Structures are given as structure tokens and as C-alpha cells.
Amino acid sequence: MPAGRVATVAPVPEDGATGKVAEVYADIRRTKGLDRVPNFWRVLATHPDHLELVWGRLKALMHPEAVGRTPKLDPLTREAIALAVSATNGCAYCVNSHTAALLKLGADPETVGEVLAVASLFNSTNALADGYQVEPDILPPG
Amino acid sequence: MPAGRVATVAPVPEDGATGKVAEVYADIRRTKGLDRVPNFWRVLATHPDHLELVWGRLKALMHPEAVGRTPKLDPLTREAIALAVSATNGCAYCVNSHTAALLKLGADPETVGEVLAVASLFNSTNALADGYQVEPDILPPG
Amino acid sequence: MPAGRVATVAPVPEDGATGKVAEVYADIRRTKGLDRVPNFWRVLATHPDHLELVWGRLKALMHPEAVGRTPKLDPLTREAIALAVSATNGCAYCVNSHTAALLKLGADPETVGEVLAVASLFNSTNALADGYQVEPDILPPG
Amino acid sequence: MPAGRVATVAPVPEDGATGKVAEVYADIRRTKGLDRVPNFWRVLATHPDHLELVWGRLKALMHPEAVGRTPKLDPLTREAIALAVSATNGCAYCVNSHTAALLKLGADPETVGEVLAVASLFNSTNALADGYQVEPDILPPG
Amino acid sequence: MPAGRVATVAPVPEDGATGKVAEVYADIRRTKGLDRVPNFWRVLATHPDHLELVWGRLKALMHPEAVGRTPKLDPLTREAIALAVSATNGCAYCVNSHTAALLKLGADPETVGEVLAVASLFNSTNALADGYQVEPDILPPG
Amino acid sequence: MPAGRVATVAPVPEDGATGKVAEVYADIRRTKGLDRVPNFWRVLATHPDHLELVWGRLKALMHPEAVGRTPKLDPLTREAIALAVSATNGCAYCVNSHTAALLKLGADPETVGEVLAVASLFNSTNALADGYQVEPDILPPG
């Protein structure tokens, strides 16, 4: 009987984490206000340096207040982009995660639907513009 | 010497358009407030029914006020999603077009940069979540 | 134990549908000759305007006789394209759905295999042409 | 001033080809009825074994009569799939090449447009089915 | 209750294989040193000519010693590329298969992580270079 | 006449760079041993915080010796993965850049060809495994 999706490496459990991994886990819980470290980070923890690099970049872009940065986009727009990209790439984990994040930010299902409507519209026009090799009508800057 | 990108079909010129194509061209100019119909639509016009279908969907989603629909997302968020999807798919025409649209809506280059920063971050995490086959930690609805 | 794929929003059940959703559901059952509305449409129904837009475009392209349009491609070629695109994008729902549609049109498993053989061949050559940045040898139109 | 696309390796010219490369070049010209070997193959020729592998597979699938194989799909359907995949991947060389092949087989621009219309429709629905993680409604075989 | 992933066609069992399929199955077991033919090949076997074409190409590139070819890349690098491409495309079967192959070649989980770290980094920069349409700074050959 | 690819934002010139941008530019030249900062980084510099984040991650993964990290993969394997991912995504800038990097590391054109041969093979098998929805034959870890 076919099983569902299982990570290809064994995640690092929270109570077994030490050193750099334990520090990043604590920062993820604190910054995101979560009780539990999501599976994504627990799998990345099998390569501690990489865990730290990815978390550092995501924290700076998605939790700018935590690093004292003034963002150019509001949280809902950022999560809308995340969901649009994840739908385009067909990433199951990411679609689940960013839909949950959008709902947590107060989006209703119809707003989630509009994000996907716009994303799917442009997946469609992208294939047309590339499929016809349409010549740009925009002039270069300067 | 290598030439640049040229459409694979001959676009329908504005002064040669008749019937359904002429009507859609007029609606595009009116709805978007443009003097000239962009290349994308002039290439689609080689298949008039398809031109009408794509324009109808884009108009409803990207110009909701023109069809009396109350949108769930503001114009800048919609264009941000459009640019994020186009960058993910690597569509040159679309990247040019949606960057221009974002700038026209008042976004500065740093805001364009933040849209691309968030989009590129999630292209990265999508590859990781899929590359490790991370098991979702989100429960299904209901 | 890991569960399978579950939609991120609760689908709109057929017996609970009203207004625009009920109309589109009826049109889907009638046009496709189905007893039951597929999951895809029941999930889209959480955003009724979008349901109508997507169904309208799919109906016009995939059921042209229902809108009085003379198609340029036969039904098997249209479903072959649908499967080829879905395999390229790795969309599980769509692969299942379009394979079923091909078999329903009378294709045998070897024909399904040939569609995938051709699609996979060109996914391969696409990566080569892009990976070497091969210069086009085709002259522009006109 | 920006230049166009140029291959990243120097193509093997036809008059300089020897051994396996000369044999494959001759087979390409003969099988495809061309005077000149397209750029794609001349770039692949920098790795002669790979040239032979790719040409062998493409010949068997796209020129089945040349290898005595009875195909399951007609030439126009095969090229339609090739264009649909190339548009989905945004491969410029391939879009140019397969559009030219479709026109050479007798397709008119509106037929090319319908191939792209169907391909772009399913790029759109793929993003929706993946973006909502729609559960398959198709039963497994057997 | 949602089921997992099941092939859309019925695989050809090993004890039911005859002719070309039986020959390829035997070659796969011998070349790869396996007791059992993986599901991928058993599904491809529903189209015997295609099975032979794909296996021939994979054997030549991934088992060059079996065809007397001197490879330019070592086995671990080849599997690293395979995993990187599969993660980029989000192919679940392929990610499982190539991760297992890497581990069998002696890679530890941290090495698998570094392959994915590099692959995900460049999925990110690809979106940026395309998203900004950065002009190449590399001169053409010759 | 169609022009080639031009960045959608004006790059920050090296002699106009100050503060964080000037520091990153200097680090790029020093770490990579270059006289000139590549266009990619000069475009990213329009969003200085993002420039720093992307450079920090790329430096740690692709120039590990510069940060005192012991890598799990050698430089040629890392660049092979970069080229394979860029070919898969069809990113022109990235293909040019990583091919140049491979050649600088001593790879000959046939080795570049073998990287692309392996990458294109797995783009092909990915489409097949997804196109048939092949069930994994690999057991989960533990």
C-alpha cells in the first residue's frame, strides 16, 4: 500500500539538539511564536551550517522587525508571494505551510483563492509570452 | 550576428484590426489607459477567440473595478505576485512588463528588489522541501 | 503516520452549492457528462468568480462544440498536450485527471506512454538547448 | 550594447566533422531532409557520444518510419507536444524550432495559437491544483 | 481517506515479462546489481520501445563502464547532479531514488545536505538573474 | 530592431558604491579574485541588505575556505550542480556564468557536455516519473 511523503533523511529532534542547532531552534520558536519547530527546519538541521544560513536569510526577509530592518512589503504580501511561488513550483510542503501562514495573518479562503487566481493567470501568460517569443515592449532603464 | 527575441508569428497591427480583435484592442487601451496595445496582445490576436479569453480573465483579475468586482488584493500586491511568478518561470517579456507595471504603481527599485528577494528565497526553500521530501506539518482543514 | 494529499481549503459540496457555483456545477456535469463534479472545481468554488473564469476558459478550449466554436485540434491531441504539460510541471492531480481523460477517449496505455515519451524527450532537449544557450537557426517571420 | 544569445561552446562545423560526428550529421540531414545541420546538433557534437544518444532517441520517437517503428501519434500531435513542453519550460531555441516544424507540417498560425492556448490553460490549472493541493478523484488502475 | 501516489498505468511484473522487456529487465538487474527492477522501469515497460531507449541512454551516461565508455565525471558527481535536478523539478520518486543512490555510494546525510544546499542556492540566484533580466558579463567563445 | 537582454533596474557602478555595497563589492573581488564585480551583484546592489544576504550565503557555500568551513563537495562538483540547475531553469545569465566558472576550474568542453548530458537525462526521467506518478520503491529512513 502506497505510503505518503516521508523525509529522505531523519529529522533532528528538538530534545536531541545541541550547539548551533539548538540555538537556531530556539530562535525559530521565539521569532515565529511557535511551540514546535516545523519539520522543514528539523530536516535542514542535518547540515547545521546550512540550517543557520537559510534561517538567517528567511528571518531577515520574513521577520524584518526581528533584525531591525524596515521592510518594503507588508506580511500578507510577503506570504502571498511565498504561496504564489510555491504553487508555481508545485511544492506540497510549502503550499501547506504558506497557506496556513496566510490564514493565520487573517486572510480568508477567498483571499487565498485570489492569490492563486493571480498566480495561475500569470503562469498561463508566461507560457504564452515564452511560447510565442514575444518581443519586449519596455525600454531599458536610463 | 545573433539577433534578439522576435515573435514566432506576425503580430496583428492596430490599424489592421477588425471585428473581435478591434474591440478587444479598444478595451485594452481604455482599461489600461494606454496609447498603444502591448506586443503580447498583438501576438495573441492571431487567434481572436483566444485573445478574448485571455483578456477577459486578465481584465477580471487585474482590473476588477472595470468589471464591478471587489478585489481581495490591492494592485501592488497583484503585480508583486505577477513579477514573482514571472521571475520563477524566467519569462523575459513578463518580467519586463510587470516590473514596469510595479514602477508605474509607485514602487521604487528597492521594493522591486524586495519582491524578487522574497520570490527567490522561496524558490530556494521549495527546492529544499522537495529535495528532502519534507513531510507536511499542517493538518488538513475541518 | 504520514497522510496523503488533502486540499488546503474545504471544497464546496454539490448539495450545498447555490447561485453562481450551482450554475457552474450544473454546466460542468452537463458539458462533461459526469455524475459528480471533480474535486478541482469543488475547491475552486471557494472563490466563485474565479471558478466561473477558469471554467469558462476551459470550456471554450476543451469543449469547443459546447460554445459553437470550431476547434483547430482534435480531443485526443488536446488531452495529449494537457498530459505533457502536467508531466512537465509534475502536477499529480492533473496527471491523474488527464491520463483518465486520454483513456476515456480510447487511448491505450502505449499511446499514453508515447505522449510521455515525446514530452520527456523535449524536457531533455530543452535543458540542453538552454544549458548550452544554443543560438536559434530559425529566421523571424516576414 | 547587449548581444543576443550565443552558444557557450563553439559548435562543430559541418565541414570539419569526422568519424561518429560526420555519420550523425549525415543521418540528420538525410532523415530530416535538410541541407544544413541545425545549431542544436552542432553544439551537441562537442560531446560525440552524447550527440549519438540524443539523436538516436529523437530519431526513434520523432522519425519512427526511419527506424521501422509504427508510431502511436501522428507528426502534428508530436510537434504540438514538443511546442507545448518548450513553451512551458520557456526554451527560446526550442520554441523557434518546433513552431517552424509545425508550420512546415501545414499548421497555420491559428493552429499554433491553439496549441499554445491549450498549453497555457493547463499551466494555469496545474498551478491551481498544486496551489490548493487538490486530492485526486481518479482511482488507481486495477 | 486520501491515498498516496499510485502509478497511472499498471506496471509490467517481472515474472510476466517477455521479449524486449525481459531482456531490458535482466540488463537492469545485472548492470545495477539489484535483485528487483525498480518501479520506474516496470512502468516504462508498458511501452517496450521507450523502455529500451530510456534505459540505453541512462546506462551509457550513468553506467559508462558497462558500455566501455570513459566518463568525464565520477559516480558521486553524477548522482549529485541527478538529485539537484530532481529537487529543482520537485520529482518525489526521483528525489527518493537519487538520495538512496548517493547514500549507497557512501555519501553521508551532510553531503546530501550540501548537494541540496548548492542546488537550492542556485534556484534562488536563477530567479534573481531572470527576475532582474541581468545582462551576461561573459563573452561568447572564439 | 529587437535588442538583447538588459537589466530592469540600473546597476550600481563600482565607483559609485558606498557603505555596505562598497564593502560587499570589495569582498566579492577579493574572494573571487576578480578585477570587476559581475553584473549580477551590481544589480542586486540596488537593495543593499539583500545583496549582503545573497552574497553571504553564496560565499559560505561556494567559497567555504574563505569562511573557514570544510566543504563536503569539491569546487568542480559544486559548479556542475550550479550549471545543471541553471540549465533546468533555463537561466541565460546563470548558464553563461557557471559554464565560464567550470572552464576556469579546468573542465574541458566535453566535461561541460557531460554535466549537461546528465542534467538533461534527469529532466527527462523526472517528467516520466511524474507523468506516470510512479510509486517510490525506497523505504523511509529509520
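Just so it is clear, A, B, C, D, E and F label the chains in written order, and each chain counts residues from 1 on its own.
What we mean here is this: a residue touches a chain if its C-beta (ideal position, glycine included) is under 8 Å from a C-beta of that chain, and two chains touch if they have at least 3 such contacts.
Bear in mind the structure is a predicted one, so any value in this text is a computation, not a measurement.
Chains that count as touching both chain A and chain D, per the definition above, are B, C, E, F.
Common partners of chain A and chain F, by the touch rule above, are B, C, D, E. Averaging Cα atoms per chain gives one point for each, and the point farthest from that of chain D is the centre of A. Simply put, of A-B and C-E, more C-beta pairs touch at A-B.
Computed centre separation for the pair chain C/chain D is 22 angstrom, with centres defined by C-alpha atoms.
The geometric centre of chain A is 27 Å away from that of chain E, both derived from CA atoms. Rounded to a whole number, the gap between the C-alpha centres of chain C and chain F is 34 angstrom. Shared contact sites, meaning residues of chain D that touch two or more other chains, fall at 2-10, 44, 50, 53-54, 57, 61, 84, 86, 88-92, 95-96, 99-100, 110, 113-114, 117, 119-121, 123-128, 130, 132-133, 135-136, 138. If touching chains are joined by edges, the resulting network of the protein chains shown connects every chain directly with every other. Residues 1-5, 8-10, 44, 46-47, 50, 53-54, 89-91 of chain E are the ones touching chain C in the complex. Of all residues in chain F, only 4-9, 36, 38-40, 43-44, 54, 57-58, 61-62, 71-73, 76-78, 80-82, 84-86, 88-89, 91-94, 96-100, 108, 110-111, 113-115, 117-119, 121-130, 132-138 touch chain E in the complex they form.
Contacts from chain E toward chain D in the complex involve residues 2-3, 6-10, 49-50, 53, 56-57, 60-61, 69, 135, 138, 140-142. Within the complex formed with chain C, the residues of chain F that make contact are 83-84, 86-88, 90-92, 95-96, 116-117, 119-121, 123-128, 130-133.
Against chain B, the residues of chain D that register as touching in their complex are 3-6, 90, 92, 95-96, 99-100, 109-110, 112-114, 117, 120.
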